[in-house]
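These are the structures in question, set out in turn.
There are two complexes below, and they share chain A, which is joined by chain B in the first and by chain C in the second.
And now, the complex of A and B:
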């Protein structure tokens, strides 16, 4: 399962990079993060409470930063064990681009789940993980820049386009129905 | 026929206790001082166990022990045995790896047992299991047939590097090739027979209890065959002799084949009960059932049918890959071979048949019998292929079947694939089904549906089933590692009531009623004075259990043989009491009478005389009236029938609604028509479940995705029409009652009938196949793809 996202942050690339490898920042931004401990410059151990559908558990998570290209990119590799709830593991390629007025952050993550998470929650995992990723990068971007903007990906725009059209149609139908009710 | 004898629709004796909540299921049993077991299962499909850290769990108050695979190895515990060996084409035996009840070094599927926590409370055992830290080294996995047969696929077993357990064949390859060479037309089809999870309503439970004073073990378990479990677990796994091991399988809430197998948990609790010297109870939760009950089906096949220009079947060639899972389950190898390919003749006189089957290991739950076990797979393949041949040749699907049926006077019929059918009348079943289904009125109903914008289709299937695998010596020559007879005891009590002991096991089939009817019919004893006892190796002389629709045809016949012994002895006692010759005494309505006279003695008085032998021929006859018989059938029995399904499809949503379903079955003589009808209804529902709803799915990494009812769709009452069912009887020729068996038939014929109907409904759109389960998404997709293809070619 894959997820992607993009943010524009009004902050210099160096500042964004520094925050990306700061355990305090990571701890604040990871949704449900109870603790985050630095093992080495590139390794962290975290306890994260996550709920995916009917499965709610505390995950013992290890995070590793790989392919470090300061201040351009890294790969965040993580795996979490939730005991009877199962496990999840994944990696996210994070890239920073210099743009006018700040930095553009893109991420592309891939992950898999196992155990009970797969058995009873697999259909919900994609949505839940997308939400967690949005929350993390949203928290992160806003921490550096309260007005940071999330950019819709092409895929999302496609989906959004259709749903907006249907929304408009539905709204029109409702309005017509109300009129018809009022007139009859 | 007596009032409650053979042929009477007697209400089921057992239902009173079931309906009033007084059934005694294994989980209702609690032993003094018992511990609760929680099995720790692998969350990974394939991994090496680098280490297991137990300390934190052991420190938890209430935890008595945590046992691992290493403990089992140290105690010299054996592996779970496989009950049927299959040979490769070259005659060499299949690859048969070990099957440890607790994995010691490698786990091979999600759900594989790794350790067991024993604690005073179930909740403590569960919580402590969270504290057991298992260090896994994850390895690549292949859970599906396609993944396991890919080039460089990860091997489940070192000894089978290509994941092939056996490469087996049956039939005459050369004769079949010749048939194809002379064919005017060849139809072919690719079939995926989806993987199913049995889902008995009662999850598996096992309680092990060790009596150190007597050095004896008792295992309470949810099993279809307690004696088989005693044999397998006692002899192969735990080395406990029969006289020190008692297996009790009390009321069991559905089995469908999934409770035939000897499971790891049975051995674990029995072994653990001695280690800790306390009873140990394990109850599966539903999640565990999904990932540890043996799964069913899971074949990929390519099949070809050679036809003459007139539509006569000349030859059938089938190539199948069957998923066996990670370990060989008890009858795993038999299901996709001797219970599958031997049925490929179906109801047809196809002269040449050849089938090759590759049994494959995969990183998935072991696959074994599920209602029908092999026969639904054969029937689905054949009846889809016959329908396709009918469409391709332009011959009506009815006509092509009639033309190729084994004729009424063609019995006994030797098929090219081992079996010899003893009796049947396939034309009569078909005609009866057509009439009951109002087949003639279909076109009118189709037009009505069309007016409402719906697509209506009708689908037909005929099926053959083989029940009561037999005789034992033939099954043994084919690889069975056990006998396939049954035992039955008729114990006439001093006051004339009767206790029946049977080696068959009832887990929903209604044996307590059907077998009592046999006794009532034979001895004239009041129906309420007959009790049937089953499911306890401490009470029943011996038994091979219930599977393959064998209870009546094998277990019932053992009772008939014991009843015959009772009647013979009763006549001797009556002859003495009546001072007549034994040959002149006859049984009439519960009385023994000197033929042609009014001199009678009641059966009850005969029973009393046998136990209070004051006026009794002690010099020539033993006291007592208690007879046991073992019965080994001469042949399998061959139920057959015809199913007709009518569906209505909404082309906008792809939703398939079954509007009508009709079945005409030949089960031989019927003892209780109401019970038979119930069996057919249940079977049809499970077959329809496979056709439209159920499917077990693993993801590419080997994780089980359908691990709950949120993702595994069971058929529900509102998915079903009112079934129209009838029977057309031809008697089995080789048992005294002429019975055949009815437990699995509904599952066998229904799946292809439904899909043939779905394809028929969509055929005008250019659809010629829809995979099972035909979910709305798949049907809608088939409609869209066909429309796209037509647009492209236009």
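And now, the complex of A and C:
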């Protein structure tokens, strides 16, 4: 099952993109992140404490950025080992749209856990993942814009942002054509 | 289980001091969630601060039109209390439906609320009956208490002392229990209080919440038939091997109807 969400951030798409690939920003925004080491431009190693209710497990996590399409989209892929607690892996497709007054960020994430966590906590996995995704993208959006809003009706957006751009291009072409007719 | 230090303070002040001195210390109430988690090595507190020796945290008192239940009162005491049975029978019923006899004799109302498991029963009682949660520093209204999955308004070392339940005009709790754990797949508390109708749902979302659509329908007509045709949005409801979001959404209405019927008798 996919976990989806979107935020409106009053900041330019380039700035939001730069923050999305900045290890310092990622470290600050990942809930329970103790340390984050840069291995290459697209690979990081992180120590994360996952605390959900009574459970506290330390995960050695590797993060990679894939499908990079600056400044539009990427996939954040992570996998972690939590020792006796089990292991987890997940990915989030993140997409940025230019909108009036800023950027719209949408994410669609998936997560799997195995080992003891999955055995005893299966009823909580989805809720816990949803909460961590909400915390991460919420922290991230508010870091760039303290008034960033989560949009509650997080349905499949389609290519809304792009079609808006195309609409503007089409309008500009029409205007130019009219001018060309009038001038010639 | 990993090694830990065990403390059994005799007062709240002493408990607060131990908690302040040890970063990784955890409060132990009945231990019905904490101890299994520790046995599985999914938690590793440095210190356990057992509140069971603090007498002031235990007991049930009637004060005018409210019932005050101490945080360390086990579910079995609430279920068996003649005061609770005569003043707020819905609350005694709910306490009697929690887990099994062992859990009811060890688990406490304060522990259940602090943990705020998404499928626990007491959160529905507190929210549905518009109770007030009294901690060592302040009083928190039920509407402000439950924040998210296992997340409440409580500060890091804040200790619940008691929960005050105002007597409703009428109320009832209905739940669809998981047959193995008796956790609520969905549980609904319906209450007619002095401030209006309240419908609180547990088991369905990340934490207990009020179903305002149900409240509005019942405010017009307090009967199970008033909920006929009402559908509940499956949106962000819990999804696990026990039930899909759609099934839970369906159960919310069914349990609400049962609770209304039970409250109307």
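As a convention for this text, the second predicted complex is superposed on the first by the 148 of 184 C-alpha atoms of A that agree within 3 Å, B and C clash if a C-alpha of one lies under 4 Å from a C-alpha of the other, contacts with A are read in each partner's own complex, and residues count from 1 in each chain.
Here, a contact is a pair of C-beta atoms (placed from the backbone, for glycine too) under 8 Å apart; a residue touches a chain by one contact, two chains touch by 3 or more.
What you see is a predicted model; the values in this text were computed from it and never measured.
Asks: Of the partners chain B and chain C, which touch A:84 in the superposed model: first, second, both, neither?
Replies: both
Asks: Just checking: does A:116 make contact with chain B only, chain C only, both, or neither of them? Give me first, second, both or neither.
Replies: both
Asks: Given the touch rule stated above, what does A:52 touch, chain B (first), chain C (second), both, or neither?
Replies: A:52 contacts chain C only, not chain B.
Asks: Where does A:10 make contact in the superposed view: on chain B (first), on chain C (second), on both, or on neither?
Replies: Touch partners of A:10: none, neither chain B nor chain C.
Asks: Which chain, chain B or chain C, is in touch with more residues of chain A?
Replies: The larger set of chain A residues in touch belongs to C.
Asks: Look at A:126 in the shared chain and tell me whether it touches chain B only, chain C only, both, or neither; answer first, second, both or neither.
Replies: The second partner, chain C, only.
Asks: Which chain A residues lie in the overlap of the chain B contact set and the chain C contact set?
Replies: 84, 116, 120, 122-123.
Asks: For chain A, which residues count as touching chain C in their complex?
Replies: 1, 52-57, 84-85, 116-117, 120-128, 130-131
Asks: Considering only the defined contacts, which chain A positions touch chain B in the complex?
Replies: Against chain B, chain A makes touches at 83-84, 86-87, 112-116, 118-120, 122-123.
Asks: Within their complex, state which residues of chain C touch chain A.
Replies: 33-34, 37, 40-44, 115-119, 148-151, 183, 206, 236, 238-242
Asks: Considering the complex alone, what residue numbers of chain B touch chain A?
Replies: Touching chain A from chain B are residues 43-44, 110, 126, 129-130, 287, 290-291, 699, 701, 703-708, 710-711.
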